[in-house]
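Below, chain A partners chain B and then partners chain C, in two separate complexes.
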Partner chain A sequence: MRLALARRGPRAGRGLKPSAGWLGLGWLLALPAGLPIVIVLLHFGGAEPGVLAHLNGQVLPRVLGNTLWLVAGVAIGAGLLGTAAAWLVAVYDFPGRGLFAWALLLPMAVPGYVMAFVAIGLLDYAGPVQSALRAWLGPQAGLPPIRSYGGVVLVMSLVLYPYVYLIARNAFATQGRRALEVGASLGLGAFASFRKVALPLARPWIAGGVLLVAMETLADFGTVSAFNYDTFTTAIYQSWFGLFSLGGAMHLAAMLVAIVALLVLAEQALRGRARYNVGRSPQPLKRLRLRGGAALCACAALSLLLIVAFVLPVAQLAFWAVGELGELSMPRLTEAAGNTVMLAAAAALLIVVLAGLLGFARRMQGGFAMRLSTRLATLGYALPGPVLAVGIFTPLAGLSAWAGAGLNWSLSLQTTLFALLLAYAGRFLTVAHAPVEANLQRITRAMEEASTSLGIGGWRMFGRVHLPLLRGGLAAGATLVFVDVMKEMPITLMMRPYGWDTLAVRIYEFTAEGRWEQAALPAVLLVITGFLPVALLTLRGEK
Partner chain B sequence: MNAHLLTARAALLAAATVLGPLVMTGCSAPEDESVLTVYSSRQPHLIEPLFDKYRAETGVQVRYVNDEAGALLHRLEAEGESTAGDLFLTVDAGNLWQAAESGYLQPVESDVLERNIPDHLQDPDNRWFGLSVRARTIVYSTERVSPDDLSTYEALAGEAWRNRLCLRTSKKVYNQSLVAMMIHQHGEPATEEVVRGWVRNLAAPPFANDVAVMDAIKAGQCDVGIVNSYYFGRMQKDDPDVPLALFWANQDSEGVHVNVSGGGVIAASDNPAAAKALLEWLSGDEAQSLFASLDLEYPANPELMAHPIVEAWGDFKPNPINVSKAGALQTEAVKLMERAGYR
Partner chain C sequence: MQLELDNLRCAYDDTPVLSGLSFTLAEKQIGCLLGPSGCGKTTALRAIAGFEPVTGGQILLDGEVISRAGYRLPAARRRMGMVFQDYALLPHLNALDNVAFGLHAWPARQRRARAREYLGLVGLKGSDRRFPHELSGGQQQRVALARALAPEPRLVLMDEPFASLDVDMRGHLLREVRDILRRCGATALMVTHNQLEAFAIGDRIGVLEGGRLAQWDTPYNLYHRPVSRFTASFVGDGVLLSGQMRPDGRVATEIGDLNGRLSGSPSPDGRVQVLLRPDDIVHDDRAGMTAVVHDKAFRGADILYTLALASGARVLALVPSHHNHALGESIGIRLETDHLVVFPETS
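And then the complex of A and B:
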């Protein structure tokens, strides 16, 4: 929709009067992410001098390089895997395609920190794979070390590629066939059509997915710390918990925010000012049937991806979990599973509504101030969870303390469901916003003008025109948010009300002290919970 | 329809969406006076049995919040006087020292605590008390290393251990405390030399935890490491024949580096008397034995026996310097390890 506005003249939105109300709404929605970001930015350079000198001199140069290098690797890895898988599934037909179409989303339900401890447990020197290799082939035999740059990139690419896959698949599904036809009319083969026609057409969607992956990578703590790979987030933790300097942590976080802002600008520049116009009713897609070797290759490649990214890790988890079944208190786990579903569902619902409102407000009201509020609202995704939690927790705790002292109320706003959902909204609004915005782009100005000419404008138009056309994007956004909230650890740890322990909290309790086997059972439950929204999304798509 | 009216409605809807959950949950923050609230960074399966027992004995209900120590400290800071927390429980003297220095804990005058907890395991100003003790010492492969070759932490920096040492990441507070104690004893330059030597001797990049260090030694990737005693105990409990053993480091000098888990009464507690009573109970014989044996640690009270697995390792000379010294120097230790390339 950003694209639509780039071309929109001042008169284009007749009947959609820009007003301060929309702008106010935009800023209200930007508050959960904007408040922490502003608090963080105010702390730039605000740490104790000794800490600041140490961070800038010793820590920053190293983690800056590490972080950028990691983001580049994961963006490429997840981007390639996601785009290739989406193209195969969306455009071709081959044995197992129907299964792959939804199963390829499943690795999304495996948290990065879980994938990391499984990969390291299996593949490190002391793990079963390398031990078996040494037993067969002698003490020199082995694999390249998993606890390395390549290992982190591999693990993060495997759990994050579904973000690109989900978004790119929708793009290819609507355009892919046409791209092939256009390519054929130009005398291009299937791959050349993909490269020269379909890929450039799908670029905004792929870039959006890759941006999500990059932000998730920037904010990740669990995966990189399992690999002891130092990034901004590990340095932020170290400054806060090791140097006891929250100011230093905020100083680093401020720089992280700057990097994210650059990334977002880069993505926008990549999109250019182009406007993509998709026909209103694309022909029902007929997929190209692959035969023989080609079908086998497609099937084998996707099977390999699915096995490595999902089947093997879940099998290992299940194996560990079975060994621990007798040791763990099941009621504690089922209660946590219930909490997880409730929280994730509530957050998904709330956040897609907010994302829809934000997208619509942005469409109704152009201009710099509105663009800024949208950007702010969607930057929260790249803030490390604890930093965002601090940014919301602190003002709410201050408000409660003030109410407690001044009005003699006994409040603790900071640990209510309200605060927790607010923090989730700050963190995950982008995730819902991306697919919603992609869908909004397909609602043409002409459709809005037709609506207003029939006397259906503004808010009513949103309900009658936009909402029905947004359903796909809203569903995709809700799925992504559900899965993300379910896996979320640091915000949940800090802000959950009493009795709201989630499966991620249970996993933390064990992994904090290196008890992988015990962590496996809640991890398996978490993955099973993640099936839920993926299945719903699939059923919806099959209709 | 009027555009302003419509936007007003949209704003109202947004506000309702955001504020709805507040109405449901926010105003009903439970504040029951008979419930004691513990802010804890200890694992639930270690403290829950104790709280259940306490409730059975005294009728006082204990609820707890568990999170990282650093996050709990920030929580205390942000909540100030309005905090619901009464008692703070955590691991590591550095965290306890930080809590006390920041003013989140209040001094407790108690004959019971003074009698049960030795001086070097409590805050000199009585703001926190150690409740269990863990030794951080050398673990070695019984197949490839003779205990005669081992002596001190510092000696692991020597040529003889090139490519034979495995360590956990320097980001873990246990290593920060160990290095902080070395700074206290040897000064920064000498300590930095030792840490650089360790880094030179590493057979693999630092691991995420002590369990992985022991797995690597077992698999033959390296021969020695430094771990907390209870991790080794846990491994021995699962596999009594594991070809690893603990070596008590620095017995001819300062003694083994010990650290504590412990707790203190939160300064802004609404119920400091009840919090003090729980802390005293935790220092008592019954709770101490349970606390220590659940996690294979040593009771803070030296009169009490540890778990048989732990007792079988034999006696050792602990470093008698007050553990709070490590807290005061933790920041320096973190910076030093960063400089020395210990990740």
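And then the complex of A and C:
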């Protein structure tokens, strides 16, 4: 995709000239994501001896097993749900299909940690469902405990399946019907065609979606903390804020980075392969009409998924939230909401500008070094928040101590906010970069040359050609970052200025104390903003 | 405006792309640079437009040096209108605003009037408000042409402007573009790999081979008086047949003595290769000489026969298509040459 821009010979254009400066800018932009990786890897095994022994002996075996099992379970769960839903929606036609096509993306609007506390509040031993069961069937009646491995896997699969669904649906939409026809011509039935033709064809895409899910699972902090299910991310948090060992936190972070690296490499390998098959049949094929029982089954299965993954939790959330309206906690909530919006807006503005600069740097300067810096700068989606938090905090604290600005633990408010924004940039630069880059690709070299030859070059061209054409991508990028920062939990929790709460932090505190009703109000606000990116995705999909 | 290239050289990273290109395009003429891909024709155009630096020689516009080694008048100040292969219309502007884009120095009202006038000139009256994606390929091309012409550029440059159009559209638009350019009195230079396009539009055509100009001439001379083997084989169909110069100026070949005005020069020993175009060989059932039909291509009104001579050499003959002969059949041929192009025998 990017190769299309690479052109033989020197690049044209006045004013915006290729130079070492662009490469320098590229590496500067790679710092927020790249620096923490280097820092934590350098601190592997660097904790205090007692802490290190405790971590390696007690924490690590449990956390490593927990993390890997969780990733495996969620990858399978989300993979199955996403693929099945995508197949039904992409290949068949049945009542409600059009509605399901976009509604199945709605669970994306619910942050994992919100889904988690709603599930726990509903299904815990003391919750309304089990209480009702006991009242109805006697004291022995009940469900298996929700705070368990199965519970976390279920909740995270329900939250993350849309990643697989979205990618697999596009893959099936372009080749699903053809796969059925190929299968039929070889004497296979619908299910056999799906298994033997369509699935292998779409495997690179599905695997890509599943890998994204795996990365999200590795990076998750809020959901697993709600379940008290210890993984690397919670262990890093515990090491820092429980054992007060930043060294221990980095020791664990280094190992998490190693696991992430494996997934990123797997994803790279897949991307290379998927590229070859892309775009064989540009026009979506006609869908097969389902009738009678089959149509009913498809409709019922997707309804069940949607109800469990979205309707029930949101309804429960709304119920709790309405009950909380006008309670005493309102002023603190307003303050947290104000902080959140301010922080998210600042981050969105900053990061979208950085994304624009990164896109331009890449455009003006080709070559391996530039590609590498771009890749590094956009690696953030794979980096768990706690890794970024410790990896950014350490050098800044060191710098500030060196400059005599204060002790490690009490950075000034400005420094802290700056560090926080830097960590967000590390994590979310890729989110803003994708739409900006997509728009940038649409501006061809010939358009720039046409403008130049008509007497409009340099910065005037930037204002009259680039900026109008980038507007949509910049707006989309800013919106996505805004929403992501609003929902962000671990970085904010670990790096915020003392006593400076956001909605996600309030939810974390309420959840830790089991006060689901109070957590519901901030959660509703997050879910509402969470609809923005879903709407964007739906609109872009329909274009 | 007169364009002059004087021994122009261009290179990418020490690989020479153009090695000494010289020609002059007179005012109000339409020139074409013709050649296979990789011959450097696009580089030449981009150097003239000011998008590529030159490593030697110079480019002059009306006597003023606009490019030489170490100096490049910025593209934005050359006042040249460029039509790109993919048209490069700006997708966020409608047709009118695209045409008005280059008129930025004009007062708003005149700018719009002028843009409208040029949209009308290219036959798109009333399409002001349509956006590029709402226009067909041919319409986009017209908008691109109007955009290039509206600021009354000193030179119009066109980079394979017809390559993205389908064949039917191409022939129609070719004539139209030529007429529009003439009406505007524009001096224009087009790059193409398609000789029919070059023939249809060019007053002067330059044939490029490996970064060198093989010939800069009128379409007629290029076809009938090629000065190099490359031009002879690249432009039009034809074969080179071995022969021997006679003292009386005729050329003896295995199909008889050829007669006509001579151009080119033989080897010192008088051996030559003579260019035979398909229209030099006429099919005549009463003719004494025969050749065997080796291959045939039906073209509607006529058939292009590839004929095998006794020696095994092949010649081409363009024959009205009601003379339909089977492969392997012997048919009578007669020569009808009025000028002869000869090259020295190579071996």
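Worth pointing out:
As a convention for this text, the second predicted complex is superposed on the first by the 313 of 543 C-alpha atoms of A that agree within 3 Å, B and C clash if a C-alpha of one lies under 4 Å from a C-alpha of the other, contacts with A are read in each partner's own complex, and residues count from 1 in each chain.
Keep this in mind: a contact is a pair of C-beta atoms (placed from the backbone, for glycine too) under 8 Å apart; a residue touches a chain by one contact, two chains touch by 3 or more.
What you see is a predicted model; the values in this text were computed from it and never measured.
For chain A, the partner that touches more of its residues is B, with chain B and chain C as the two candidates. In the superposition on chain A, A:Gly457 makes contact with both chain B and chain C. When both complexes are overlaid on chain A, the residue A:Val465 reaches chain C alone and has no touch with chain B.
In the superposition on chain A, A:Thr444 contacts chain C only, with no contact to chain B. When the shared chain is aligned, no partner comes close enough to touch A:Arg203: not chain B, not chain C. In the superposition on chain A, A:Ala401 makes contact with chain B only, not with chain C.
In the superposition on chain A, the residues of chain A touched by chain B in one structure and by chain C in the other are 457-458.
Residues of chain B touching chain A in their complex: 1, 3-4, 6-11, 13-15, 17-19, 21-22, 24-27, 29-31, 43-45, 63, 65-71, 74-75, 78-82, 84, 98, 169, 171, 173, 176, 204-212, 215-216, 218-221, 231, 330-331, 334-335, 338-339, 343.
Per the touch definition, chain A reaches chain B in the complex via residues 16-17, 19, 21-22, 24-25, 28-29, 50-51, 54, 58-59, 120, 124-126, 130-131, 139, 145, 147-148, 225-228, 230, 234, 237-238, 240-246, 346, 350, 353-354, 357, 360-361, 364, 386, 389-390, 393-394, 397-398, 400-401, 404-405, 410-419, 421-422, 425, 457-460, 462, 490, 493-494, 497-498, 509-510, 512-516.
By the touch criterion given at the top, residues 8-10, 12, 14, 442, 444, 446-447, 449-458, 464-465, 468-469 of chain A touch chain C in their complex.
Put simply, chain C touches chain A in their complex at residues 12-13, 46, 49-53, 74-82, 84-86, 88-92, 101-102, 104-105, 147, 151, 157.
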